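Take a look at these structures.
Below, subunit A partners subunit B and then partners subunit C, in two separate complexes.
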Partner chain A sequence: MRLTVERRLEQPRWLGLVVPVVSVVFALLVAALVLLATGHDPLSSYRQLFDAAFLSTGSIDQTLIAATPLAFTGLAAAAAFRMRVFNIGAEGQLYLGAIVAAAAGLYLGGRGGASPGVIAAMVVAGAGGGAAWAAIPGVLRAFFRTSEILTSLMLNYVAGYLLTYLIFQSESYWRQTTGFNAKVFPTGKPLPSNAVWPPWLLHAQGGIDLPLGAGIALLAALALWVLYRRTRFGFEVQVLGDSEGAARYAGVRTRRKILAVMAISGALAGIGGASQVGDFAHALDGDPNGLQKQGYGYSGIVVAALGRYNPFAVLLIAFLIGGLDNAGNTLQGANFPSGLVGVIQGIILFSALGGELLVRHRPRVVRRASVAEATPLPGAVQ
Partner chain B sequence: MTKRKLALGAIVLVAAVAAVALAVGVTAGSAKSNGAFKAAWIYVGPYNDGGWSQAHDEGRLYVQKALGKAVQTTYKENIAVGAQFAQTVASLAAQGYKLIFATSYGYVTPQLAQKYPNVDFEQATGTYVGKNVSEYFGAAEDTVFLSGIAAGAAAKCNTIGFVVAYPIPEVIRHTNAFALGAQLAHPGIKVRIVWTNSWYDPAKEKKAAQSLHGAGACVLGQNVDSPSTGEYAESVGIPWVGYDSDAHQFAPKSWLTASVYNWGPYYLRRVKAAMGGSWKPGFYYGTIADGFTKLAPYGKGVDTKARQLIAKQWMRLKKNRGAEFTGPLYDQSGKLRVPKGKKLTVSQLYSMNWLVKGVIGSPKG
Partner chain C sequence: MNNALLVVLIASGVAYGTPLLYGALGELLAERSGVLNLGVEGMMLVGAVMAFWTVQKVTGSSALALVLGVLVAAFSGAVMAAIHAFLVVTLRASQIVSGLALTIFAGAVGLSSYLGSDLNLADKPAAHTFHAIFPASMQGWPIVGPIVFGQNPLVYASWVCVIAVGYYLARTRPGLSVRAVGESPGAADAMGIDVVKYRYVHTIVGGAFAGVAGSTFTLALTPQWVNGITGGAGWIAIALVIFAFWRAELCLVGAYFFGALQALAPELQARNISLGPTELWTNSTPYVATVVVLVLVSWRGAARRLGAPASLGVPYVREEG
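Take a look at the complex of A and B:
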């Protein structure tokens, strides 16, 4: 007897919905065992978790703070991974987006209420910053066949040090230099009032501030869907992702596609950075214990994978993971170690990602006798 | 009905039951309160980091013990500045916490404080005092200076290594105080620094300690939160001066002493004031004289001569806070920064951006 996992010849539609649900239920059951073993009531813990993430007054407000950047980095990863270009650099591209967008906001901004022109300039600047940073591994991959996984990852550290340098280690344009507080602890220069992105107030749950960035993420998802599903460009990207050889044979210009896809991916992450400045921090956050500790760029990869690179699914997953992230802060405390929160979050994500295997593959028990005779199916994962 | 449809049905049913149970549970479970006053502490690192955050948590437990059931305390650990802090405050406010001790600067912003007018904030190490925001800290430079004496006296070579967090005035003034203390006990000694750019990062702190030892340091000190530096010092058999908490158990042989904080009494006063409705924003700067800053018990490496010197300086600083920063003081380039007989004020200490003569490293990180 032997257990093999083989590719499904057909993927029933219902499986795409059932597998994630079962995976999460399974994860909650496993996590319940962990909770019981550590002396916590699983039901009350889960109730608190869902309450803090989505149900209690003001919870969605807080969930959106984490969900908005995750939506951008998730879309960034989805855009690149669809073509099997593995841009791991959304983290750094987000920082660069934040840096350039903050510069635009500080330079163009002024007094008064939100100015559409200034905000649009910040979005464009953020996209440009992210795209330019992503273009470095893009060019290296397209012309020198360097692994974009390594180069984009390494550039994250460079971007992180740059961010810290701008606020903590230099008297840069982004740093607040006037006033006593600025001498005591380095902070970013606050944005002028008309460069602050106005939230959209939803009259639910005692008032939800829908960040402008969340709306932009929705538009970006729509644009990405149209681009990948309804244009020749998107078709070529998909062909390239499925088989580079076939695409080349069909005359697809590979280098251009790699550059374009990296730039789109970087631009999306960069707008996420602009949203960090405009929606939330209202200044450039260079504190290594701030934005850099959140790791939105890395979590975005998980978001994209769970969303199966579908832009709208990415938004939904970003919202759910944002909730999980936010709830973790509520759950932890004197009687609930933060490490245990991490374990529960990890079990849920691990199980959800692991379950994805079952959408495309199925486990099969093979009897020993038949092994010798059976020729493995093409694409079987042993 | 096929097997698949059956399975699908079962799953939908399970999900529905779970959802209903959850919804019922949520409505039943919310808004539980037993009338105790709720106060929360927010930490940059783990509550048991062996340093800064642990000292604060001991203060929290001191309050809990003193007030018993009248107060309910909790803490949130490993909280990042910005988004995560905002989320944490929102959840604490929703749960009815009325007093929040934010134990690191950069946490409380004016916008955030204004969003929760019914919550009082206390922020350690900062300068922003607002309608519902107090600031508190202590003259640790005095006790760090004393711990520097212990380091200088224990040094058998001419270099002490000092692991430092961020290139900000707080850390710079502690580094300077440490160097001045070391130089008092061991004239001409150099203090070499390595920045980690993090309050709590055991791996980076260990690497910093390693590189300082490699550069010739025969005693180590620190202005970071974990005891990694001490563990490394113990492994190579050189003396170590800690910071924030008594951490001798991490390096019993290397341990000399540490400048420590006694946050408890301040916390108790503030919680009591908030409970009684007399809480007012303010700025508190604790001293040796009021017992806020102390020296942890000595290890074997602090000899009698060093103990006598520390005791003498202790009395001087008890009467005259900040006396170690009396001129003449020179910076790294040899320029006179504080003329003879002058002493730095608290605001000068809070904005110090230069390192004293004898420190090797850049004040810009």
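Take a look at the complex of A and C:
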């Protein structure tokens, strides 16, 4: 008896839902064993976790703050990975979006523009900054056939050092250079009030501030869905993702498509950066232990993979993972095992990845005798 | 003479480059078998924390504690890599996502942090550390003193590893088979090479190297446990494998070059030399250089000559091979 897997001809839809749910349950069980083995009470740890993430007063506000950037980087990863363009540079594209959007906000806001106009300009600037940074690996892939996986990863670090440089190692336009605080610790120049993104107040749980960025993420998810499911562009890109040869024979301009997908993905991450500046930090955060420690770009890939690259699922997963992240930050030190959140997220992802095999393949028990039958005939195509 | 900028840079390049070298050798073994493991940073951190824990616990001779520390680090790195191997070889999961998941699971917000706080390791000096083993008079010799004789045993062990890995890949039958598996798993399978076994073994041994890389931080470079102590060295190690054209001996050169770049900015500052935005370009150079090398190797045919494994990142399924 031997267990083998074979490719499914059709992927049942219900499995796409069951696998993530089972993954979460499995991860919580395994993490509970880890907690038990190290002398913690899993139930009380989990209660603390869910309280801090979703239930206690103000927790949803904090969860949304953590979830909004994840929604953007998740959409960025989904936009690219779905089309088999492996952009893992959302991290750097987010930084560049933040840098360019902050410049736009500081400049236009300082000139006293009307708030909606300034905010719109920041969104466009953030998208442009992210798209331009993503265009580097895009061009290298399209024209030199260089794998975008590693180039986009490497550029994350360059972007990170650039961000630190602008605030910590130079007297740049983004840096606060006057006042007492500026001498003690380098910080970004605060945005003028007309460049600050106003939150949208929801009357629930004692008032929830919905960041403007979260609303933009919702629109972006909708736009992405329409673009990939309902337009000729989306169809052509999908063909390209399935088979580059087939796409080329069908007359798809492959270079342009790869560049376009990279730019869309980068722009989404870039708006995430703009939202960091406009929604939350209200200045450019160049601290190596600040924005750069969050790893939103990498977590975004996790979010996208768990959401199976569906834009709406990405938003939901971003909210859940954002809740976990928020809980991990809030509970730090306070009698709560540090690192538990990363462990849980990692196991969720491992089991979701493993479960993906079941979505695409069917397990089958093969009896020893039939192994001989399975041996290919001479001349059979492998 | 031993205070000359170049001598200081090379000497600290060797010291800072050693974790990069161990990490890169491990990643090299995995990539040569066709498995891209982006979890190096996570494996390093788990190795670092476990090595630190071991030397705090072991009583007895310093040498025994340190050797045990390195072995425990190697074992923990290997266990982490086994998760990745199981997911990508057996379950055929995406190597990119699985590697990133490993870094999240094991890294600065995950298992290494959990272990560090649960085993109560923070804010303590290491009970045992690696020191230079040659007499002080030899360390004072011009040029070779600080560069060659002023290093700790982990550095000398890494030289042995470079020779071993280089010889293994180039001159032995299993080494040849690994390369076959990384180039064309289908052909290797037809030759009777067990593709699955080779990929497992090399990914796991690669993880052991990453664990040792982590131990060089907590037992030698900065002998204490701080969350996220490796500070991105795992990612540089991944870059280094490419920068070194997938060759062990070039990994050594690249590791010391990248290590020296890390030491350059503080050295220049101490000597009041200004070369533009020093931190920006010294920190970014390893990554930019790797992008340039990636473009070079992707020119037609160049990749094969320069050693990029053709099946890197591609799962092998016999029925579909």
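Convention: the second predicted complex is superposed on the first by the 360 of 382 C-alpha atoms of A that agree within 3 Å, B and C clash if a C-alpha of one lies under 4 Å from a C-alpha of the other, contacts with A are read in each partner's own complex, and residues count from 1 in each chain.
Following the convention adopted for this analysis, a residue touches a chain if its C-beta (ideal position, glycine included) is under 8 Å from a C-beta of that chain, and two chains touch if they have at least 3 such contacts.
These figures come from a predicted structure and were not determined experimentally.
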item: Overlay on subunit A: subunit C relative to subunit B, clash or fit; value: clash
item: Contacts of A:V18 with subunit B and subunit C, given as first, second, both or neither; value: first
item: First, second, both or neither for A:D61, with subunit B first and subunit C second; value: first
item: Touching partner for A:Q169 - first (subunit B), second (subunit C), both, neither; value: both
item: First (subunit B), second (subunit C), both or neither touched by A:A305; value: second
item: Touched partner set for A:R145, first subunit B, second subunit C, both or neither; value: second
item: Subunit B versus subunit C as contact partner of A:N326, first or second or both or neither; value: first
item: Which of subunit B and subunit C A:S338 touches, first, second, both or neither; value: both
item: On subunit A, the residue positions that both subunit B and subunit C contact, one per complex; value: 164, 169-170, 337-338
item: Subunit A residues within the subunit C interface of the complex; value: 6-7, 34, 38, 86, 88, 140, 144-147, 149-151, 153-155, 157-158, 161-162, 164-165, 169-170, 295, 298-299, 301-302, 305, 328, 337-343, 345-347, 349-350, 353-354, 356-357, 382
item: Residue ranges of subunit B touching subunit A (in the complex, touch as defined); value: 4, 7-8, 11, 14-15, 18, 21-22, 25-26, 29-30, 44, 46-47, 73-84, 86-88, 90-91, 94-95, 104-106, 111, 126-128, 166-170, 197-199, 347, 350-351, 353, 364-365
item: Subunit B-touching residues of subunit A, taken from the complex the two chains share; value: 12, 14, 18, 21-22, 25, 43-44, 46-48, 50-52, 55-59, 61-62, 65-66, 164, 168-170, 180-181, 183-187, 280-282, 285, 287-291, 293-294, 326, 329-330, 332-335, 337-338
item: For the subunit C and subunit A complex, residues of the former touching the latter; value: 36, 38, 83, 87, 91-94, 96-98, 100-118, 186, 227, 232, 235, 238-239, 242, 277, 279-280, 283-284, 287-288, 290-291, 294-295, 298-300, 313, 319-321
